[in-house]
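In what comes next, chain A is part of two complexes: it sits with chain B in the first one and with chain C in the second one.
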Partner chain A sequence: MLVLRWAAAGTLVVAICAALWRAAHPPRGATGARAALARYAAHPSAVLALIALVSLYVLSALAPWLATHDPIAILERTLSNHAPSRAFLFGTDYAGRDVFSRVLYGARISLSIALLATSISVVVGTLWGVTAGFYGGRLDALMMRLVDAFLAIPRIVLLIAVGTLWAPLSMSALIIVLGLTAWFDTSRLVRAEVLSIKDREMVVAARALGATDLAIVKRHVLPNVLTPVIVAATLGVAGVIINEAALSFLGIGVPDPTPSLGNIIRDGTPYLASAWWVALFPGITLVITALAYNLAGDGLRDAMDPRQVDR
Partner chain B sequence: MGRLLAGRILQGLAVVWVVATLTFALLHSAPGDPFSYQSGRRIDPEIRAHWRYVYCLDRPLSAQYVCYVRSIASGDLGYSISKQRPVRDVLIDYVPRTLELMFLGLCASFLIGITLGVLQARHRGTVVDWGSRGVSLLFYSMPDFWLALMMALVFAYWIPLFPISGIEDVVAAPTYGWWQHAGDHLRHLVLPVATLALMTTAAIARFQRAAMLDAIGLDFVVTARAKGVSEGAIVRHHVLRNALLPVITLAGVTLPSLLGGAVLVELIFSWPGMGYLTAMAVESRDYAIVTSSVLITSVLVVVGTIAADLLYALADPRVRAQ
Partner chain C sequence: MTEPLLSVRDLRTYFRTSAGVARAVDGVSFDIAANESVGVVGESGCGKSVTSLSLLRLIQRPGTIEPGSHIEFEGIDLLALDDESMRKIRGNRIAMIFQEPMTALNPVFTVGAQLAEVPRVHSDIGRRDAWARAVEMLGVVGIPDPAERAKSYPHQLSGGMRQRVMIGMALMLSPALLIADEPTTALDVTIQAQILELLAELRAKTAMSVLLITHDLGVVAESTSRVIVMYAGEIVEQAGVRELFAAPHHPYTEGLMAAMPRAGEKRERLTVIPGTVPSPYDWPAGCRFHERCPYAWERCESEHPPLYQIGAGHVSRCHLAVEPERRATPHEPRAARAGVTA
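Now for the complex of A and B:
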């Protein structure tokens, strides 16, 4: 039965990829999003990254349906730190839990946290950058000096401080904290873009016609900052996933026994020499996820901004 | 030059002040105060009252803030309840070991990164180019702590080449002469430094490659090529010289990720530096250590950035003249 389920999930991945592939080969002279998708598809590494991401999201979303065991239930004691076998594809951890199922569920938690946290950071970073860039002057100077100060703190050190002082963080607090420490670069990018836009003729004309600040921002500024924001967000997801894993690894992220990729590695660390599989497989999943997001971000940058092609 | 330096130092001080305010806000908004618990046990009320008096916690918020900034400015970073010593004394022991890792990690990652960048630019579009870019991006995408674990697994457990923990061999060290001490210390350095270098080198290689490609398109390179200068000589004398400068500024950007990486890398290799101290403070809920490490790492980043800017100004006659 399980084999059939996996076959169905595999088919779904292939179907989504095929649909994307067809969309990426538009009729000649296509413009806008389809043309951008076609430029994206011209990068083999970006295509591979997208396939990896589609698989990761489909498989982890279907985790309850695809897992071979219960990710939290402790199996028999005799099965602790069992090497990978046909019954336990990635082996078992010290408590005798199936690592394969934990990685599936863990990826689901980690990917969800990263997506939600990145949404927060995109909103905050864009608002911050637009406000600073659009109003300029003292407000701009003040806001950007604050960003300078935040950027001077290694992010993981700040996260550790927050996690320790407010321990234990609930899941929603964790997402908010990860989001609120990830927007600094975005705000800088957005501000730079706003500065280059706000004195262009279209904005001057809109202002002459009596448009309000809000209308100008909505109509002219936001559409133009969309490209750098999307690219920064894609690259940002990779960073957030790694930071969440680091916090969970330290025991101040996702609380036990809920699996997250960082948690599972934490469980494997004391037994690294004898049961390496516990730390190895969630780590590989993390690397694939982060790498895919980094490659996808690079591909998106080339696809959405043809001026700035990476040579 | 002097004005440039003065301006940068003022900016740096402003950054540190904002960070100090942030750590104050963090400490203040946290549930409980630094002196309510020690290793899970409630601290005696009289002792707690004494500490609260010493660190101004019994006064109004504004007075607490003034007191906090004043004590930081005078170098008093609070009292570590897990180490039973003032944080400053603890840091004096631990920070130099982190600086050692940082310096060697920075050197290694720049050396590897610049070499890779030059190679990639020279062999642009070939297997060398995309192969090495892929590998460095792979390391860049690895969580630092996992890379450290895998290094320990492969090079300490499976192939026992290097020791996995500490700064020296605790058992054998007393019998060593000084050169054996040095060798032993170096062996302990290899894995943590390699981990830090591998994870930061991709950004440097990428930057160096782009800088090389920018310089290759410049007029004097075309002229040199037209005069029949060999490709190797062009790269060495014309391209590399111009492309090396911008990379210096990257040192300031690399420092935060290197210092952040050091936290978990030091924990895994039990390297008794500031990162290890911070990670251990998570377990013991030592507020003073955790917030001080936010402050100290940001000071190190600010100092590193100013140093990189200075170095850049010294190396580039155009900036020096300004």
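Now for the complex of A and C:
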């Protein structure tokens, strides 16, 4: 039965990838999103990254359906630190929990947290950058100096401080904290872009025809900052995943016994010499996820650059 | 005479920068009557674009319209309005079009959407009605197959078409005054003529006034009834278009006309006015043109000339008005002697 479910999940991954691949080969002269997708598909590493991401998301979304064991239930004390076998593909941890199932669920938690936190950081960073860049002057100076100040504090130190101050963090608090410490770069990027857009003739022309500030932001500024923001967000997800793992590893992230990639690695660290599998598999998953997001971000940067000519 | 539509008095727009104060527009006064077409001519840097942006209060920091300036439009003191009331006048009563329609249009929206946006920011007209008016307006500005064309993006249109779209956007709300800042400079000569013709046609149809800003005297001759010549932030001459071309008074206007190539004329080199426009941070004392003027004498170096009345509706900022005999003895301007050429 389980084999069939895995086969179904695999088929789904292949189907999504095939659909994307077909969309990436548009008829000649295609414009907009399809042409951008075609430019993306020209990067082998970006394509691999996208396949990895599709697989990760499909598998972790279907985790309850695909897991071989309960990720939290302690199976049997006697099965503590059991080596990988047919029954326990990635082995078991010190408490006798199935690492394979925990990694599936853990990836699900980590990916969800990263996506939600990044959404928060994108919204806050964009609003901050647009406000500073658009209104300029003293407000701009004040807002950007604040960003400089935040950037001067290493992010992980900031996270540990907040995490220990309000420990234990609930899941939603964790998401908000991760999101609110990740928007500084986005706001700088957006501000720079807004500064270059707001003096363009089209903005002066729109003003000359009575456009309101809001209309100018909606029609001229946001569509033009969208591209760099999407790229930054993609790269940002990788950073958030790593930060979440780091927090969980330090024991101030996702609360036990809920698995997250960082949690599982922490559980395995004391036994690295005897039971290497506990930390290794979630570690590999973490590296693949972060790497895939970074590569996909690089691919997107090229694909969405309108100055990029089609080869 | 009835009240003019627009009345500008002693307009001063200064830019206060770390390098000093740039007096880009320095005491400009003029009127525009209803349904009149007025041209403003001058070299780049003479303040003509800053003047037009000042009329709409679109001067950005560090520029400011100095206290004491006065702009009255349809009986309203524009400089006393709050920002929101001023915004409502833009596009609605005074509209403006720009030199380069490619950069003035938003590349990511269809031209129909951009036209439809104009009435939508001024009233609560529905999306559908706004679109219908956009399509109608594209027809008015002479775009063939407007219903289809409305769905095009700016880059899919030619330069002339794009300028028609810009004009259409400006006319969406039937403004009383259209400011056209070099509307044909970026276009081919043949397209230029078409656009000027379109503007004339629309002016006849809608009874609006046009303020046409250009560096091209030919454009002014074709499409305006009155001309304002600007130099170094000031009006140096103002006259009816025929009067100006028949009998230019200010040496700068003379120079501009001499620099205009004419058809059928054989010339080895284009005539130029020697020297360059002085810096707005430091306008010359006396007459601001004296260093480049072939008639300048001592008086011009020390005494800033007022606008002398030359004839009916003809004024000139030149001391030749009171010492006309000086015109008989031209000499090398100082700028040419110094070996400075533009």
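As a convention for this text, the second predicted complex is superposed on the first by the 305 of 311 C-alpha atoms of A that agree within 3 Å, B and C clash if a C-alpha of one lies under 4 Å from a C-alpha of the other, contacts with A are read in each partner's own complex, and residues count from 1 in each chain.
Here is the rule we use: a residue touches a chain if its C-beta (ideal position, glycine included) is under 8 Å from a C-beta of that chain, and two chains touch if they have at least 3 such contacts.
Just so it is clear, the structure is predicted and the values come from calculations on it, not from any experiment.
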Q) So, on chain A, is it clash or fit between chain B and chain C? A) fit
Q. Which chain, chain B or chain C, is in touch with more residues of chain A?
A. B
Q) Thinking of the overlay built on chain A, is A:Val13 touched by chain B (first), by chain C (second), by both, or by neither? A) neither
**Q.** Which of chain B and chain C A:Leu165 touches, first, second, both or neither
**A.** first
Q: Once the two structures are overlaid on A, work out the angle chain B-chain A-chain C from the Cα centres, in steps of 10 degrees.
A: 90
Q: Could you tell me if A:Leu222 is touching chain B, chain C, both of them or neither one (first, second, both, neither)?
A: neither
Q. For A:Ala192, is the partner it touches chain B (first), chain C (second), both, or none of the two (neither)?
A. neither
Q: Classify the contacts of A:Ala52 with the two partner chains as first (chain B alone), second (chain C alone), both, or neither.
A: neither
Q) Now for A:Ile153: first (chain B), second (chain C), both, or neither, which partner does it touch? A) first
Q) Rounded to the nearest angstrom, what is the minimum C-alpha distance from chain B to chain C in the superposition? A) 17
**Q.** chain C residues within the chain A interface of the complex
**A.** 53, 56, 58, 60-61, 87-92, 95-98, 100, 103-106, 108-109, 117-118, 121-122, 166, 169-170, 172, 179
Q | Touching residues (chain side chain A, partner chain C) in the complex | A | 136-137, 199-202, 204-212, 215, 219-220, 223-224
Q: Enumerate the contact residues on chain B facing chain A in the complex.
A: 11, 14-15, 18-19, 22-23, 26-27, 29-31, 124, 134, 137-138, 140-146, 149-150, 152-153, 157, 210, 213, 256-257, 259-261, 263-264, 267-268, 278-279, 281-283, 285, 287, 290-291, 293-294, 297-298, 301-302, 305
Q | Complex contacts: residues of chain A adjacent to chain B | A | 45, 145-146, 148-158, 160-167, 238, 242, 245-246, 249-252, 262, 265, 269, 272-273, 276, 279-280, 283, 286-287, 290-291, 294-295, 311
